[in-house]
Amino acid sequence: MDNLQAIMPMLIVTLAAMATMLAEAFRRKDERMPIGGLGVIGLVGAIAAAGLLWDRNAVGFGVIQADNFSLFVTVVVAVIGLFTIMFSSEVVEREGIPSGEYYTLTLFSVVGMMMMASATDLLVIFIALEIMSIAVYVLTGIKRTDAAGTEASFKYFLLGSFSSAFFLYGIAFSYAVSGSTRLDALSTAIAQSASAPGPMVWLAMGLLLVGFAFKVSAVPFHMWTPDAYEGAPTVVTGFMSTGVKAAAVAAFLRVFLSAFEPLRGDWTQLLTWIAMLTMVVGTVVGVAQTNVKRMLAYSSIAHAGYLLAGIIAASAIGKSAVLFYLASYAVANVGAFGVIAFIATRERNTGELTDFTGLWYAKPMLAVLMAVFLLSLGGFPPMAGFIAKWYIFAAAVNEGFYTLAIVGVLTSVVSVFFYLRIVVMMFMSSNKAELEVPPFGIVGTLGLALAAIATFYLGILPTRLIDLATQSISTIF
Amino acid sequence: MTITPGHWLALSAALFTIGLIGVLVRRNLIIIFMAIELMLNAGNIALVTFSNLHQQVSGQVFALFVIAVAAAEAAVGLGIVLALYRNKETVNIDEITVMRW
Amino acid sequence: MVGTSVPLALIPLLPFAGFLFNGVFGRKVSKSVSGLVACLAVGGAFVVAALNVWSLVQQPVEQRIIEQTVFWWISSGDLQLPLQFRLDPLGALMVLVVSGIGTLIHVYSTAYMHEEADGEYARYFSYLNLFAAFMLVLVLGANFPVMFVGWEGVGLCSYLLIGFWFKKKSASDAGKKAFVVNRIGDFAFLIGMFMAFKEFGTLDFLAIAEKTTLYQPEVTFGLLSVMTLMFFVGATGKSAQIPLYVWLPDAMEGPTPVSALIHAATMVTAGVYMIGRNADLFSLAPQTMLIIATIGALTALMAATIGLVQNDIKRVLAYSTVSQLGYMFLAMGVGAFTGGIFHLYTHAFFKALMFLGSGAVIHALHGEQDMRKMGGLKQHLPITFWTFLMGTIAIAGVPPLAGFFSKDEILWKTFESGHTVLWVVGMITAFLTATYMFRLLYMTFYCEPKWAHSHGHGSHGHGSNVDHAHEAHLHDAPPAMAIPLMILAVGAVLAGLVGVPHALNGSNRIEAFLEPSFHPARAGATMFPGSTHAVPSPQADVAPAAGDHAAQAADTHGEMTVAPAVGGEHGLAPAGHGAEAAHADTATELGLMALSVVVALAGIGLATYFFKSNPQKADQVQQSFAGVHRVLLNKYYVDEFYDAVVVQPIKRTSERLLWKVVDAGVIDGAVNGTGFIVRTGGAIMRLVQTGSVRVYAASVFVGVLVVIGYYLAR
C-alpha cells in the first residue's frame, strides 16, 4: 500500500487519461462531451493527492520517491496541465483536433512529467522521459493535415529520439560505473571514484548532460525548439514549453545534484558556458523574430539558460530559486500562449507579430493579460518573473558566479526588447478594424484570469511559494 | 579466439557510430529513422554487456524495457512520417524546411 | 497626530486606483470624468503626502522617520525583503514635489489634451496616473528592490508616453531610443544592486547606511567604487547624463505636459535622488564621486552650449534640463547633497513652469514649436508671458528667485571643496544658461511676430488632427492651464527662500531639514541643524590614512563622513576655532555670490543685446562663427557619431549578412544600435538555423563532441 501511495498522483492522472480514452471510444459521432472535464478531475485529484502526501516522503517500489521536491514539481506540472485543458476546449473545436486523443495524450504526458520528477532510478527516468516525449511528439503533430504541424512533429521526434539514444548510452555507462541504475548506488560509486574518475564516469556524465540539455533546450541542443514550437498547435506549444521543461529540469536537478554531486566542480564549469550561451543565443535570435510563437520559443530557450544558472548556483537559495522560477515561468508562459491561441482564427493561426496590431482596441482585456504575461517573462517588477530572476541571479552572485550573473542580467535586460515589441504592437496601433478576435468561452477566460492572478500573486506575495520550494528542496539534497 | 566484453563493447560502439553517421549523412527520412533505431540498439548491447560484467540481470531488464520503448517510438515515428508524407509528398529530409530561422 | 493615521501606502495607491479606473472604464466615461478622476487621484496623493509630512515635521529632528511595512514581500532564509515605505525629510521633499507638481500638471493636461478622442484622452490619463504611482513608489521605497519597482515602472510609463502619438514615426522612434538607453542604465543598476546585496547582505537603505560606518573611504578603485559607479551609470541613463543623455531631447516628441512632468520635474531627477538616498555609500567611494562631479559639470556645459543655438522651443528646454541635471550631479559629486536636492526641488518648479508655458505657446500657435516662427507673443499671451518670465529669471539665477539660491549653493560648495576647475565650468554654464534662456524668451515673446504666416503648418506637431481655422487673435491659456502656470510661477519665485544661505543671514532651513537624510546612520548622534558651515577646515577631520581624494570628497560634509574612529573627537571639539574659518568663508561666499549674480546679469545682457535689441547682430555673429554654430546646432554631432560609429557599420554588416533583409516594421527602426548588434548576431544564427533536420542533428552532435571531448581530454 505504501508503494501505491507514492505513485498516487500519477495513478490518478493515468486513470483519468484512460477514462478519457474510453469516453472518446463510446462517444457517438455527433455527441458533444466535455471530455476535458475528466482531465480536470484527474489533475485536481493529483494535486489533492500531492497535498496529502506532503512531508510523508513515501517511497514507491524503491524507484519512485514522493518527497516534497517531486510533489512540488508534480503540482506545478498538474497546474500546467489544468491551464492547458482550460485553454483547449474552444481551440480543439475550432481547429478540428480529435478531442479524445488530444486530452488523453496531454494527460499521459503529464504522467510522464510527474514520473520524471519523482523517479530515483535511471531506468524509470528513461521510461518517464519517453512516456512524456512520445505523447508530446504526437500532440505536436495532432493536426494531421497541417503541413507545419507534421513537420514540427517530425523534427521534434527525430531529434528527440536522437538525443534519447545519447541519453540511453549515458545510462549504460552509469550502469557500468555502479552496477545499478539506482541514483543512490550511482552516487556512492561516483563518490568512491571522485578523486580519479575513469573515462566511464565522464562518458556517463557527459551523455546524461546532453540528454537533459536537449530536453530543456539548451544551446547547442536547442535547434529543434523554434521549429517545434512554431509548428505545434498553440496550446500544445504552451504546454510543452512549460511542462517538458519543468520535468526535465526536475530530473536534471535530481540526477546531477545527487548522483553527480561529488563532481560538481567539473560539471558546473561546462554548464556555466552552456547556460551563458543559451541565454545569449535565445535572446539575440529572439529579438529578430517576427513570429510571436517563434519569438517565445527563443525566449523559452533564454529562460532555460536562467534555469541552468540556478542549477549551477545550487546553494540553498539557488535550488529553491529554480523551483520558484519554474512555477512563475510556467504560469506566465502558458498564459501567453493561451492568449495567442485565443486571438487566432482557423485561417490565421500562425501567431504572426502583426496579428497583435491594435489588440487593445479590439479586446482590451486580452491585451492587458498578454502584457502582464510578457512583462512577467521579461522580469518586470512587480510580476512573478522579476522575483524569479532576482532570486536566480542573487544565488549566482552569492555563489561567486559573477560572469554568469552579469550575462544573465544583460540578456534579460535585452530580452525586454522583444517582449515589449508585442506590448507596443497591442497598445500602439490604431488599425482596429483589421483584427477580428473569435469569441471564446468562460473556461478559457477563467484560465487566463487565474494565470494572471497567479503571476501577480507570485510577484507580490512570493514568500509562501518560496518557503514551500525551500522546504521541498531541503528534503532531498 | 574468445569473445570478451571488450568485443561486445566494440560492437556496440561501432553500431552507435554507424547509426550516428547515418543520421548525419542520409537524406531519406526512413533511413535516418532506422539509423536512430541502430543507436538505441547499440545502447542495448552496451547494457547487456555491462549486465554480464556486473553479473546482474537488471541491465538485461533495462534492455527489454528499451526494446519496448523503441517499439512504441517506432510506431509513433512511422505514424508521423506517414502524416508528413501525405502533406509533403517527399521523404527527402532536405525538402522539409518550411520552418526555419 | 493627524498624519500618522493615514498610511503611506495610500500615496502611490491613489494614483494607481486612478490608473485602474481610467484603464478599465476610460472609454466608457466622458472626458471630464476621466480627467477629474485622474486629477483627484493625484491630488489625493498630494493631500495624504502633505498630512504625513506635516506629522513628520512635528517630530524632533532625530526622529523624523515614518516607516511602514505594507507586507513582507519576500521573507525566506537570508533574503528578507519587505515592501516598505519610508518617509524621511528627503523623501518628504520628493514626495511633495512629485505629487504636488504632478497634480498641477494633471490639471493642466485636462485642457491641453482636450482635443484628443475620448479613448485616447483616458489612455493618456491612465498612463499619467500610473506614472505618478510608480514615481511615488520610487521615492518612498525603503530598499533597492522597491525603488527598482518604481524605477522600472516610470521607465515603462515614460516610454509609453513618449510614444503616445505613435502615428508619428519620430515619436515611436524616440520612445524606442529612450527605451534602449534606459535599459543600459537599468542593467548597470541591477548589477550594482546585486553587488550591494552580496557585500552588505541587505538592500535596505538605512541598513546599508549603517553598514557603511564600518568602512573607510576607498583609496583605490575598489569594490565600493565599482558598485557606486554601477549605480551612477544607472542614474546617467535615467537622468540623461553623458554619455546616455541622447534620449532626452528626443523624448520631447511626447505631449508637452509629459515633458514637464516626466522629462523635467520628476523622473529624470530619479538618478539624483538615488545618489542622495545613498549618500553615505557614495561618500565611501571618492573616485566615483569625482567621476560623478566631472560628468555632471561636463554635461551641464555641453548641454548649455547646445541649448544656445537650438530653434525648437521644447528642445531648448530639454537641453536646459540636461544641463541643470548636470548641475545636480555636480553637486552630488562634490558631496553637496543638500545643494543637489535643493536644486532638484527649485528646478522642478521653474522647469515645469517653463515647459507648461511653452505648451501654452504651442497650444496657442496650434502646434508650432519653431521659435523662429514665433515672436511678439507678449501682448497676445500675457499670462503665459509673465509666468514664463518668472521661470526664466529663476533659472537664470537672479536673486531672490528660486534658481539663484540653489545654483549658488552648488557653485559655492564646489568651490569650497577645492574643485576649482569644476567651479569655473559651473560659472560658464551659469552664464550660458542666462543667455540661452533669455534668447528663448526674446525670440518667443519679443521681436517681430512671425507666426501669422505659419498657420499652414497646422497642428501636426501637436499631434491632434483638429486644425483650427486662421485666427487673428490668439487665445491665451484657458483657466485649467493658467492656474497651474500661476501657482508654479509663485513657486519659482518663492521656492528658494527655504534655502537662504547663512552668508546672507538666512537660516538655510532646507539644509537643516534634509541633512539628516543623507547620513541616517549618524543622524541621531552628531546632527546639529545648520551647523555644517561652522565646520573647521576639512582636511583636519579626515583620518590620516585616507588619501587626498578621500579628503576632497569627504570634506564638504565635514564631520558627517569622518571615520568613526576620529569622529567622536573632532565632531564637536573644534567648533570654536571653526568659527573663524567660517567667518573667512562667509566673505568668500558672499564674493562668489556677487560674482555669480554678475555672471547671470551678463548673460542676460548678452542675450538682450543680441536677441532683443539687435537681432541682426546675432546673425552676423552666427555667420562669423559659422563653424562653431553648425557644430552646436548639430549637437556636437553626437547622434551622427553614434550613427556613424555604431549603427551604420553594424547595419551594413548585418544587411550584407542577411539574405533576406528583416522587414523594418512599425517599431523596428534604425535608431537603436543595440538592436543592430543583436540583429547581426541573429543573422549569423540564421545561417545555421536552416530548417534542415540534418543540420540540427549535426548541431546536437557537435554539442556531444564538445561535452565529451571536454571531459575526456582532461
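Each chain gets a letter, A, B and C, in the order it is written, and its residues are counted from 1.
Rule of thumb we're sticking to: a contact is a pair of C-beta atoms (placed from the backbone, for glycine too) under 8 Å apart; a residue touches a chain by one contact, two chains touch by 3 or more.
Values in this document were obtained by computation on a predicted structure and should not be read as measured data.
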Graph class of chain-chain contacts, one of line, ring, star, complete, other: complete
Chain whose average C-alpha position is farthest from chain A's own: C
Result of counting contacting C-beta pairs for A-B and B-C, higher pair: A-B
Distance between chain centroids, defined by C-alpha means - chain A, chain C (Å): 42
Euclidean distance of C-alpha centroids - chain B vs chain C, Å: 63
Geometric centre distance via CA averages, chain B-chain A, whole Å: 26
Multi-partner residues of chain C (each touching 2 or more other chains): 685-686, 689, 691, 693, 697
Chain A, residues touching no fewer than two other chains: 154-155, 158, 162, 166, 226-227
Where chain B touches two or more other chains at once, by residue number: 23, 29, 32, 96, 98-101
Sites on chain A touched by chain B in the complex: 123, 126-127, 130, 134, 137-138, 141, 144-148, 150-155, 157-158, 161-162, 164-166, 168-169, 171-173, 175-176, 179-181, 226-227, 230-231
Partner chain A, residues of chain B touching it in the complex: 16, 19, 23, 29, 32-33, 36, 39-40, 42-43, 46-47, 50-51, 53-54, 56, 58-59, 61-62, 65-66, 69, 72-73, 76-77, 79-81, 83-84, 86-88, 96, 98-101
Residue numbers on chain C that touch chain B, as the complex places them: 685-686, 689-694, 697-698, 701
Touching residues on chain A, where the partner in the complex is chain C: 154-155, 158-159, 162-163, 166, 199, 202-203, 205-207, 209-210, 213-214, 220-221, 223-224, 226-227, 266, 270, 280-281, 283-285, 287-288, 290, 316-317, 320, 353, 357, 361, 364, 368, 380-382, 387, 390-391, 393-394, 397-398, 405-406, 409-410, 413-414, 416-417, 420-421, 424-425, 427-430, 460-463, 466-467, 470
Complex contact set, residues of chain B against chain C: 20, 23-25, 27, 29, 32, 93-94, 96-101
